[in-house]
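Just so it is clear, A, B and C label the chains in written order, and each chain counts residues from 1 on its own.
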C-alpha cells in the first residue's frame, strides 16, 4: 500500500510522527511532512535513498564546479608549453624530507632532466636538495576568468616558481591536470547543451504522437524507428566529416552538439508518447475533462507534470551518450581537434603506441570520462527509479 | 407520473476492432445496444451485470464522457423546463451542465491526481465553471464538502497519497458533490474497498443523497449492494437491458431467466440459507460472436426455438399496474422464476 | 462434512514476521487452528489480516525477507505428524508435500500459469513430479482431470495456452493442476474473487463436488462473507495477523462473539434476509501493518474497548462454547457481556 511505503520512508528519516492514522470520519487532523509532500519532494526523498547516486551526484557537482572555475583551479595555463618538461610523469608530493623531518605542509622537489643516451628520451629526477612547499592561492599564469575577471591566483602551487605537475605533462610540456580541467569544459558542457535540443524535440514530437494518435502517431513512430535503426557512431562520423574544415572551434563545437542531439530525441519521444498514452486513459484525466477543463489545461496542468520526472530521468541518461559521442569523435579525429581541448582530443594525442608505453599517464583523461559517465548513469538510474514515487512497491 | 430527470433512449455505443498497419476495421463490438431507461428525480437506478455487460460504458455515455454512437439522452435538470437532448449540445452548452452531472469513479487510486493537493482537486470544477467568487470562497466550499463526507478541512492541503482507499473514495465523492449537482453516475463506487469500508461509503452515499436531493445511476456488479442501495434495478447482459423494475420486484419475483440466475448465484451471508443451486452453464457471451435471437439463449435453461431466431423486445409486462416491470423475454411473466426465498 | 475426526493439519501459535531495514512486520501472531480430514475451513479477513501469509507459511513459500519465528505446523503424513515449520524450505520433503499432499490454487489464474507453456504441459509437469507416470500416461491422466473439472472439449483444450481461456476456464485448469496428485489438503486463496458471480457459482459448485467425492480437506481463504456462509463448515476470522474468532459457520454467523465479527456481519448487505436493512459499518480504517496498534489490534475501532487492557496486552483466547473460541478481553473471567 502506498501509505505504508511512505510511512516507511518517514521512519527512515526519523522525522517524528508516523504516517497519518486517519480514521474515517475522524475530524482530528494529523499532519505530516510526507502527507504534505508534493511530487518533487517525494522524488527527492526517494532519490536520496540511493546512496550510490548521491555520491555520483556529488562527483558531478564537483566536476561542474571545477570546470566553472577552471582558470582558478588549474595550476597552469593549459596552452602553455613547457619545453624543458616534455612527458613528465606525475610528480609526487612529499611530507618527509631527506633528513627524515615531517612537514605539515606538503612539498615538491625541483625536477632536473637528463637525456638518456640510448633512447634520447628525457629522464627526470628529483633534486632533493631543496624543498619547495605547496601553498594555496598562489600567483601563477595570468588569466581572465570567464573572459571577464582578470587575475593570476591559482588554487595551489609553489611560491618559488618551481613547476609542479600533479598528473604529469604531455608531449609539449603542457600540464595534464590543467588540460583535463579545461577539457572538461567542452566535454561536460556538450552534454548539457545537447539535451536542450533533445528536450524540445522529444516532448514536441512525442507529445503529438501520444496525444493525437492515429495516422500521425503511426507516421512518427515509423520515422523514429528508422532513425533509431541507424548505427549511431557511423552516423555521427559521417556527419562530422561533413563539417567544413575551415570552421572555427566554436562553430565545430556547436556543430557537434547538433549532430549528437539529432538522435537523442528519439528515446525521449518514445518515453513521452508512452506516458501520454497511458495517462490519457487514467481516471483522473477523465475526471478533469468532466470537470470541464479545456484540452490545453489538461495538457499543461495534468499531463505535463505527470511525466516531467520521467523526462528528466531520460535526459540525464542521454547525457553520457553525448559525452561518449564527443569523446569518440574527437578520439578518432573527427570531432574537435587540437588546439581545442576536450577529453576526446587529449585521448587522441594518447593514441600512439610509443606514448602508451612511455607516458601512460596521458590516458588519465579516460578515467575522468569514465567517472563522468558512470556518475550520470547512476544518477539517471536513481532518477528513473524515483521518477514515479507513487507506485506501490 | 412526473417527468423524469433523465431519459435515455436507444443508447448505442460501438467499438471498432482494427488490425494491422492501416488499422483496417475487421469487426465491431456493440458494447451498448439500444438501451433505454428513465430516472425520476430523487431516485436511485441500479445497473447490475457481470463483466462486459456494458454498464460502465452506458454510464459514461450518459454523461458524454465517451460519445455514444447513437441514441438520445434527454435531461431536465430544472423541473419547470423542457427536456433537452444532451447528445445534441454544443461543446459550450455541454460545459454548462458539467457541474450538474457528475461521475464517481471506481478506483480511488487512479481517480485522484496524485500530484495535486486535495484542495486543488476538489476546487477544479468550481474554478473551471466560475462557481467561486474568491480564494476564501473556494476554501469555504472545499472545507464544507470535506466535512460533509466525514473528513476535515485540515485535509485540504494534503496529497492523495496520505489517505487510505476508503478516505480517497470520500474525496472522490466530495469532488462529485462540491458543485451541488443534480445527477450522479456512481461507477462501482465501493467495489475496490474492504468490506467494512464498503458499508461506510454506502451509508454515506445514501445519506448525502437524501440530504442533497440527488438522483443516482448506480453501477455495480454486486447484486447485494445494488439491492440494498437502489430503488429500481436494471439488469444488463451483453450490452442490453434484460429486466428493469423495482428492486424488490426484481429480487423477489424476477421475470428474466438471467436475473433468476444472477440472484441465485449471489451467495447469501447466512449459512442457514443454503440450497442446492443449479448454476448457469456456459460462459459469458463473446461480443464478437453475438448469439442470434435472444442474446441470452445459449445459457438459458428455458430456451425454446423461438429464442434462437427472434430477438425479444424489452417491454413492460405490468401494463395495468402502477409500477412498471420491463422484461426482454418471449415468455416474460409466464415463467415461474425463483426469486429469493423460493 | 467431516466424516473422519482425524486432524489433518494443526497450526499452533504460528508467528511469521517480515524483516526489513524499517523494522519488523508482525504479519502473523500466534495463529492457531485445526483442519480435519474432509473439512472445509474458511479463513476470513480484510486486507492485511495475514490470510495469504498463513498459507504461504504452511507451504513454506514465505517471501525471502519473512520467516516463521515461532509455532508449529503439524501435518499428518504417513500416520505421523511432521512439523512443516521445521522443515528445510528447499528440502525434498517439503517439495514432495507441495503439490502432492497439499495443493494450492490462486486468485489470479492468468498470472499463475506460465504464458509460454500449454496448460497441458503444466498439468503434466505436476503429475510427473509426483508420480511415476510417463509422458503418455500423464497426458491421458491430464485429459481425465480436465474432464473432471468440467472443461469442455478437454482433448483440445489441453493444448491451449492460458490466455486462450476465459477466467472461469483458467480457474478450472488451475483446479485440475492442483488435483493432479490427489492432495489431501487444498488451499484455495481467493479462488473466485476475480470471477463474475455466475462463474463463481459454477466454480464453487465444482470444488464442493470434487471434495465430496474424495475426502479432501479445503482451506478457503476469502474476504467474501457470502461465499464463506455457503461452503464452509468452520470459520476462522482474522484481523491484522491474529485469530479473532473461530467456530462453526453457524456459530459465527448466528452467535458471533468478537466485536470485529459482529461488525463485519453487520456491514454486509444481504438480499435474501434483512433486505434493505440499515448497514452498521465498523468505524475507522484497517491500519497498515506498519502502524500496528498495541495490544489487541482491533482496539482503536472497537466499541467495547476496555481502556488499560485492550490497548496494552494481547487478548486471551477463550472458549465460549464447545469448539467456539474468541480472542477478546470481553470474555475473560467475570466479564461476559
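Here is the rule we go by: a contact is a pair of C-beta atoms (placed from the backbone, for glycine too) under 8 Å apart; a residue touches a chain by one contact, two chains touch by 3 or more.
In this text the structure is predicted, and so the values were computed from the model without any measurement.
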{"item": "Top chain pair, ranked by how many C-beta pairs fall in contact", "value": "B-C"}
{"item": "Maximum centroid distance from chain B, chain identifier (CA atoms)", "value": "A"}
{"item": "Centre-to-centre distance between chain C and chain B (centres being mean Cα positions), rounded to whole Å", "value": "33"}
{"item": "Separation of chain A from chain C, taking each centre as the mean of its C-alpha atoms, in whole Å", "value": "54"}
{"item": "Chain A and chain B: spacing of chain centres that average the CA atoms, whole Å", "value": "55"}
{"item": "Contacts with two or more other chains, residues of chain B listed in rising order", "value": "164, 166-167, 197, 200"}
{"item": "Junction residues of chain C - those touching two or more other chains", "value": "47, 283, 285"}
{"item": "Residue numbers of chain A (touch at least two other chains)", "value": "1, 3, 19, 22, 24-26"}
{"item": "Chain B partner contacts - residues on chain A that touch it in the complex", "value": "1-3, 6, 19-20, 22, 24-29, 31-32, 34-39, 42, 218, 282-284, 286-293, 297, 302, 305-306, 390"}
{"item": "Contacting residues of chain B [partner chain A, same complex]", "value": "21, 23, 63, 65, 95, 98-99, 102-103, 105-107, 109-115, 124-125, 128-129, 147, 150, 152-155, 157-159, 161-164, 166-167, 170, 175, 197, 200"}
{"item": "Chain C-touching residues of chain B, taken from the complex the two chains share", "value": "50-51, 164, 166-167, 194-200, 202-203, 221-225, 227-229, 247-248, 251, 261-274, 277, 279-281, 283-284, 340-341"}
{"item": "Residues of chain C that touch chain B when the two form their complex", "value": "46-47, 166, 168-169, 196-202, 204-205, 223-230, 232, 249-250, 253-254, 263-273, 275-276, 278-283, 285-286"}
